[in-house]
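First comes the structure, then the notes that go with it.
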Amino acid sequence: MVKKIHDLKQWQKSLRVVDPWSMGVMFLILALLPIFISNEYYLNILTICLIYATLASTWNLLVGYTGILSFGHQAFYGLGAYFSALITIKLQLSPWLGLLAGGCFAGLLSLLIGIPCLRLRIAPYIAIATLAFSEIMLVICRNWVSLTRGEMGLWGIPTFENFSVLGLFDVQFSGGAKISYYYVMLAIFIITLLVIYFQLSSKIGTALKSIREDQDAAASLGVDITRYKLTAFITSSFFAGVTGSFYAHYLSILEPGAVFGVAEMVEVVAITLVGGIGTFLGPTVGAFTLIIGLETLRMVADYRMIIYGATLVLLILLMPNGLLHGMTNLVLKAKHFFNSRKYTGENKV
Amino acid sequence: MIHYSILFEQLINGLVLGSMYALVASGLTLIWGTMKMLNFSHGELFMLGGFGIYIGVVSFHLPVWLALSLVMVFIFIIAALIEKAFISPLLKRPDWDVSAVVVTLGIGIFIQNLAFKIWGGDYRNVPYVVEGTLSFLGMRFAWHRIYILVMTVIVLVGFWQFMKRTRFGMAMRATSFDSDTAMLMGIAPRRIFTITFGLSACLAALAGSALAPIFSVNPWMGVVPLIKGFIVVILGGLGSFSGAILGGFIIGLSETFSVLFLPSGWKDIISFVLLIVILVIRPQGLLGKKEW
Amino acid sequence: MLKVENLDVYYGEAQALWGLNLSVSSGDICTLVGANGGGKTTLLKTLCGLLSVQRGSIVLDGEDLLNFKPEDRVSLGLSMSPEGRKIFSNMTVEENLLIGAYNKNAWKKRADLLEKIFEQFPRLKERRGQMAGTLSGGERQMLAIGRALMSEPKMLLLDEPSLGLAPKTVEQVMELIQSINESGVTILLVEQNVNVALKIAQYGYVIESGRIAMHDAAEVLMANDHVREAYLGL
């Protein structure tokens, strides 16, 4: 293992996480999507896809790139959601400010569990400790009725204020105008991915990846493990918090189980693994596949979750490196098949 | 001043709850010990134990001992098939730890919703294995609770002896320590994995069937024991059998006694806080070192 | 007894053994010596089935070993004592020995076999109830050998039994190996400590970068200039 890391520069090279072009193309497609899909129902599903794509990408930063196996990511999603909802309801702050405040609150509280977790070296310990943390948040949220109204849930969370762009056209936020929400979430998604991208392609990224491969070797090379791990933890919690805050203002109602529930975590883990853990765009591919798939399965109402469970198992078994990788492989194979006469022996598929 | 009889009753309740946690957790720790994976379908195997005993005793009017043995056999076979078909193909993967989590999660979701589809979401009641109550110093205890305690002690001691003395138990311990070297002894690790998975499922199902008369049977009954089970194994030290038992009773007792000074909604927080506090003090868990 | 022919083995992409030929005749102590990373342990792992074979054959007593899974090779009479650290330190000394008799035939006779081993290794008898992890280096080595003998092997493979032991202990272990051999077990002794290995062996192979560099009767190798220079430091 040690031999792999002796040249940090070479590492940096191998860490071209994603071709910026394919990221750009993806953003463009997502930005143009509402032109073709204007149905409110579909826009809602796409917005939910983006929520999970963001959550899964931030989780992937932790697990896929840093090797911190957290099962408590939903805690930060929920903390962002509740904090933002409460300050906008009780203090009448702007929901736009709420997005930022929710993220900061989640990032700050992530230190509560992030610091104790640094001492844990075996992955399942971190997994269960973080899970315990998020369950604590759930219990608090359920029982601190005077603040959160507990299981009754928060109602009438203010939605984003309308604004106009240069006085030319108005951006409105209401139940009938899902498109504005879609673009807000898309903006959050893009910013999150860009931040993760720049983090991974900078020195921090090299350090993070070397930590995942081999902590001891990384430490011996003078990588400040603690600092980088915490940076990754805070970054990912911050954006999970922002996403949670968006969720609160998007739906206007909030109950503890919807954000803090283990089911949210299960969803994020499944999405990331199905899409391809440790790949930059994998979580996004996974989110769109699973969320749209799950929605399509509503047709078979009763069998929906049965099929979902079976599909998860089969996808993991049959696509070892995730859908993204599996699809790229298919494309490569197809290319290879068509080009095989031209480039014999050059393509290594 | 709290009357001593309340304390004593809580003690019994705590021990009953603790023995359930100990049974569930020892199955989880067994799987971690040999296969180095977290089994997220463990709760559903617990649930199947509950439904198994319901079907045997209520639907088919079988005697409890017969129903219980049939359930054990069925669960063992189901679990062994799951392991062979879905888990064993993952063994050589580099992302083994995470992919095993998602596959077992998928299996869990599948079983839970299949159970919902077949049996519906009603809460079903199962009669006590042993009817009646025991009166003692003015206190009354359901015999069923005593039965759970005795059964747990017998099963755990029996299992311990099995691991300690039998050819197969030794092979399991050897494999959990170093599967390559175990192979040199003529042990087939893959077979050990399958059987370990089956036995661990039996421990979960046994807990589920014993608890079925106390908490009623439904498709979601395995969710809480699963999470608590994980808390217990980490608290006790992952891979440690005695740690799982110790952890199970610590969590069971502290949860029941917390009722005396905490509003009931806050009861669930005890185990989670306890876990984090103990991990801060002792990162490897209470008995976190491999031993049997 | 054991015949290896034209063996090619790969470690991932890299070839580790190149057309290796080796044979051990019944009743002998045969030794395979060479520097670290030369392919000694690779060969042993291949013989036990822990590594897969690209080309070539391995025949033990007329049986083609490649047709058997690693765990089934024990019942053919092949047993390996891996280097000393690889004992089950989570189990007691006695349990370690018992697990050596895991295959069905040996398990039936485990009590007798255990008695026999305890006769041969009185130190292990003294420590039978102790956790194997608490043993000294020499005792661990004895335990690994004793455990391998519990399956009543025809052929015993020994991986670096002298590794990390004091010279005095090395001597004891070598004497032990000789006495095991005298009781009728054929031995393939893989060693880095060329001097002691060639002293007790009848025949020897020298392995260098995955190939057999030379092989001859042990006394002849002892007198060979290349061996003396490269391995005995003379």
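Brief remarks on what is shown
For reference, chains read A, B and C in written order, and residue numbers begin at 1 within each chain.
Convention: a residue touches a chain if its C-beta (ideal position, glycine included) is under 8 Å from a C-beta of that chain, and two chains touch if they have at least 3 such contacts.
Everything numeric here is computed off the predicted structure, so don't read it as measured data.
Of all the chains shown, the one with its CA centroid nearest the global CA centroid is B.
Of all chains, the one whose CA centroid is most distant from that of subunit A is C.
In this assembly, the C-alpha centroid of subunit A lies 32 Å from the C-alpha centroid of subunit B.
Subunit A and subunit C have CA centres that are 53 Å apart.
Subunit C has its Cα centroid 42 Å from the Cα centroid of subunit B.
Contact residues on subunit C toward subunit B in their complex (touch as defined above): 48-50, 69-75, 79-80, 82, 86, 88-91, 95, 98-100, 102-103, 107, 147-148, 151. Within the complex, the subunit B residues that touch subunit A are 32, 38, 86, 89-90, 93, 95, 97-99, 101-103, 105-114, 116-117, 223, 227, 230-231, 233-234, 238, 263, 265-266, 268-269, 271-273, 275-276, 279-280, 283-285. The touching residues of subunit B, counted against subunit C in their complex, run 167, 170-171, 173-174, 176-178, 180-189, 290-292.
Residues of subunit A touching subunit B in their complex: 63, 69, 113, 116, 119-125, 127-129, 131-133, 135-136, 139-140, 142-143, 262, 266, 269-270, 273-274, 277-278, 302-306, 308-313, 316-317, 320.
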